[in-house]
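Each in structure tokens, the structures are laid out below.
Both complexes shown next keep chain A, but they swap its partner, so chain B is in the first and chain C is in the second.
Then we have the complex of A and B:
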């Protein structure tokens, strides 16, 4: 049971890192971004490529992956997302889905379709008294908490963060103050892509890396963002950990049902509190 | 000089009148319409073979049902394949356990998809926009999981399920030619049904909901009910397509309700032109040609699909059929101005 809780925390941490970007993009730009997890996939693949082909250590490979994915995120924002401001949701959906298709196909083109495993960079376990647990996973949980508090600080203390949060609430008002919100939206998008890539890098040693890994996680992230409230960063944080815990605990007793439960929870939340977009 | 002008005028006129006839339909034209549609599919047979064209026609039925939901009512669903899957599995299972009559099994498949649509629809139609799409996606995913693991003993899980009892008196679904004829007839029936529905006052109401739901509600219509009804009809037609898929391949596997494949039908509707039945059929054929024939010559077809989707969204919102319509309309206007000029000219 303790193990299930710790495992749930790990999943929650990863889900949180990936969902922030989705929540930010939706809250600021009203774009449901299907292409979001392409940076997650790209991050994981570049990590593997740099560790295997270039032979550099895991953590430097991870840094490189996150930077390249942020660059990819910037390109996506510049070329596609920026044209979608103010469009109806259907078209943003379809356009970002198209970006997803293109991205997956490029990944398949470069790296092939077969899953690639990568080993845990620390590889040791910690004795926590009640059980033993890989240090790596504890590190993942700590990193997610760090990101959460970092984001809180970023929002509270810096001007950019304040403008982004204000735009989450009321975009027109911010624009009326004479602030060009598009620039800040681009920053929010790149930060989101960067964190998603970080999620991909951290999750790569826990699972296998394959071209469609993004789609699978994306569905879970949609559930997280919808349950937590779109554009609500603290809601996203709590929803990610609650749903991660749900996956892990249900998965312990009924392995097949672990993901159904997530979508059931999402449908229940939406049914009780429909979001009018 | 004047001679060429009149010739062009006649050409424009015939072109425009064909266009008008196809756009605007009345009683007798429906029959012509069905003949044309059937003729197109028959013409495809020598090029692609019966098997492929049967596939195409089934996909077109599915695209039509999706077009009712997305094109006419303006609700994008990312989980419409669920009903295809429900129809397919219900048909296969009823042929295995309940009956030996394929026609009855098709009926049961449609009923199952209809029931699933009633259940899921009552929750889904309360949401709009992105939530609608995502709730449907969630339902689709749940359906896929149910088939894959909890119901593995009945559905065969990943291995799929082979369909038995394909033969019943004159209805022999093992015969490809009969299969083709049956599927084509079903396509025509589905097309006719949707044509009648969409050109009725109910269809006008649907388009009004697409334009502005609040105003329709203000006029006193219970829009939830109409949205739910449309959802159920679309689900039933999709279930019909699913039942035909099961009979066509004599095999069902979880790929029939794979979430990822929903992109295909959206693409088909958009490229053909959403909100037009011809658009759905045309888009269905084009999508099937791209996915069936292109991979043979060009491995990176997903890339091409993505790029063309982006192009459609940014440049050609109306799709192929929509752009043809605007072309016709422009030509008709052109022709009218020509005529008025001629009339106004002193002789």
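Then we have the complex of A and C:
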């Protein structure tokens, strides 16, 4: 059981890192971004390419992957997302899903379709008394917490953060105060892409890296964002860890149902607290 | 200062404003009155750039501004106070003012001073989430926020709507304080208040200007105002 809890925290940490961008993108731009997890996939692949082909150490490869994915996120925002502001959700679904499919095909074209494994860069376990647990996974949980507090600090202490929070609440109000929101949306988008890529980098040694890894995690991230509240960063944090825990604990007793419960939980939350999109 | 010439505005296929024209002189307070659905809010949103006119022109300080976005109009001195009393509810009161100070380039202490000058009690709420303010306090915060920087024209939409009588008096006092210091177009349904403060009244009906009252005698006559609606 203790192992399931720790594993749940790991899954929650990864889900949190990937979901923030989705939450921010919808909260500020009202764009449902199916392309979001392509940066997660790209992050994982660049890491593997850096470590395997270029011989770069894992953490430097991870840094490179995050930067490349952030650049990819910036390009997606400038070329596609920015044209979707104010458009109906249908357009945003179609356009961002197209970007996702194109991204997956590019990944397949470059790296092929077969899963690529990568080793845990630490390769040691910690003795937690009742069990032993990989130090790497503890580090993943710790990094997610660090991102959470860092993001809280960024939102509270910087003008960019305050403007993003204001725009999440009332975009027209920000515009009427003479502030072009698009620049800040782009920053939110790139931060979201960067964190999704970090999620991909950190998850790569835990899962199989394959071209469609983003599609699977995308559905879970939508569940996280809808459960936590779109644009609600603290809600996203709580929902990611609660749902991660559900996946892990239910998976221990009923493996086939581990992800079903996520969507059941999401449906229950939406039933109790409907959202207006 | 501001001239609206023959402006038409529509939401999709529904035309809301039909050939609306009005003119505001510097330092004056123009009130727009009319029944619900007359197009008053649409008119303000069009002037501030949130809506684009189908036809017609809007001039501000001699230059045409029709169709320009609100981001740009803020920096020429046009401020909009929304009808719904929507503040940035997840930021505290100080941060709400700070954003306006950041955008206008005015130092924060000076911006805070301006807001506190119109409502000293706001000092107690500076660290409170703006979403926790009462409707009246939010309205005052929005007016204060609009005064940050160098406003030339205030567009205020229904400042007393939904407020208790005592708060209406407070908002009226603030508007009275601003009279002559800044030009303003105010949408308002409280006719006694309109009579007290207006330099000019424009009556809108079904998207058209049906009457313009400019003399003090006409404006002071609330019965006449009521009849004009």
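In the analysis below, the second predicted complex is superposed on the first by the 277 of 277 C-alpha atoms of A that agree within 3 Å, B and C clash if a C-alpha of one lies under 4 Å from a C-alpha of the other, contacts with A are read in each partner's own complex, and residues count from 1 in each chain.
Here, contacts are C-beta pairs under 8 Å (C-beta built on N, C-alpha and C of every residue); 3 or more make two chains touch, one makes a residue touch a chain.
Note that the structure is a prediction, hence the values are computed from the model and not measured.
> Give one of first, second, both or neither to describe whether A:168 is in contact with chain B, with chain C, with both, or with none.
second
> Output check: A:177 vs chain B and chain C. Expected answer is one of first, second, both, neither. What do you get?
second
> Where does A:152 make contact in the superposed view: on chain B (first), on chain C (second), on both, or on neither?
neither
> Between chain B and chain C, pick out the one touching the greater number of residues of chain A.
The larger set of chain A residues in touch belongs to B.
> For chain A, what residues appear in both contact lists, the one with chain B and the one with chain C?
none
> Considering only the defined contacts, which chain B positions touch chain A in the complex?
Contacts found on chain B: 70, 74, 76, 78, 123, 126-131, 133-135, 137-139, 141-142, 145-146, 148-150, 259-260, 263, 266, 270, 300, 302-303, 305-307, 309-310, 312-314, 317.
> Tell me, which parts of chain A touch chain B in their complex?
26, 32, 80, 83, 89-91, 93-95, 97-102, 104-106, 108-109, 212, 215, 219, 222-223, 226, 255-257, 259-260, 263-264, 266-267, 270-271, 274-277
> Which positions of chain C touch chain A when the two form their complex?
48, 50, 69-75, 79-80, 82, 86-91, 95-96, 98-100, 102-104, 145
> In the complex of these two chains, what residues of chain A are touching chain C?
Chain A reaches chain C through residues 159, 162-163, 165-166, 168-170, 172-180.
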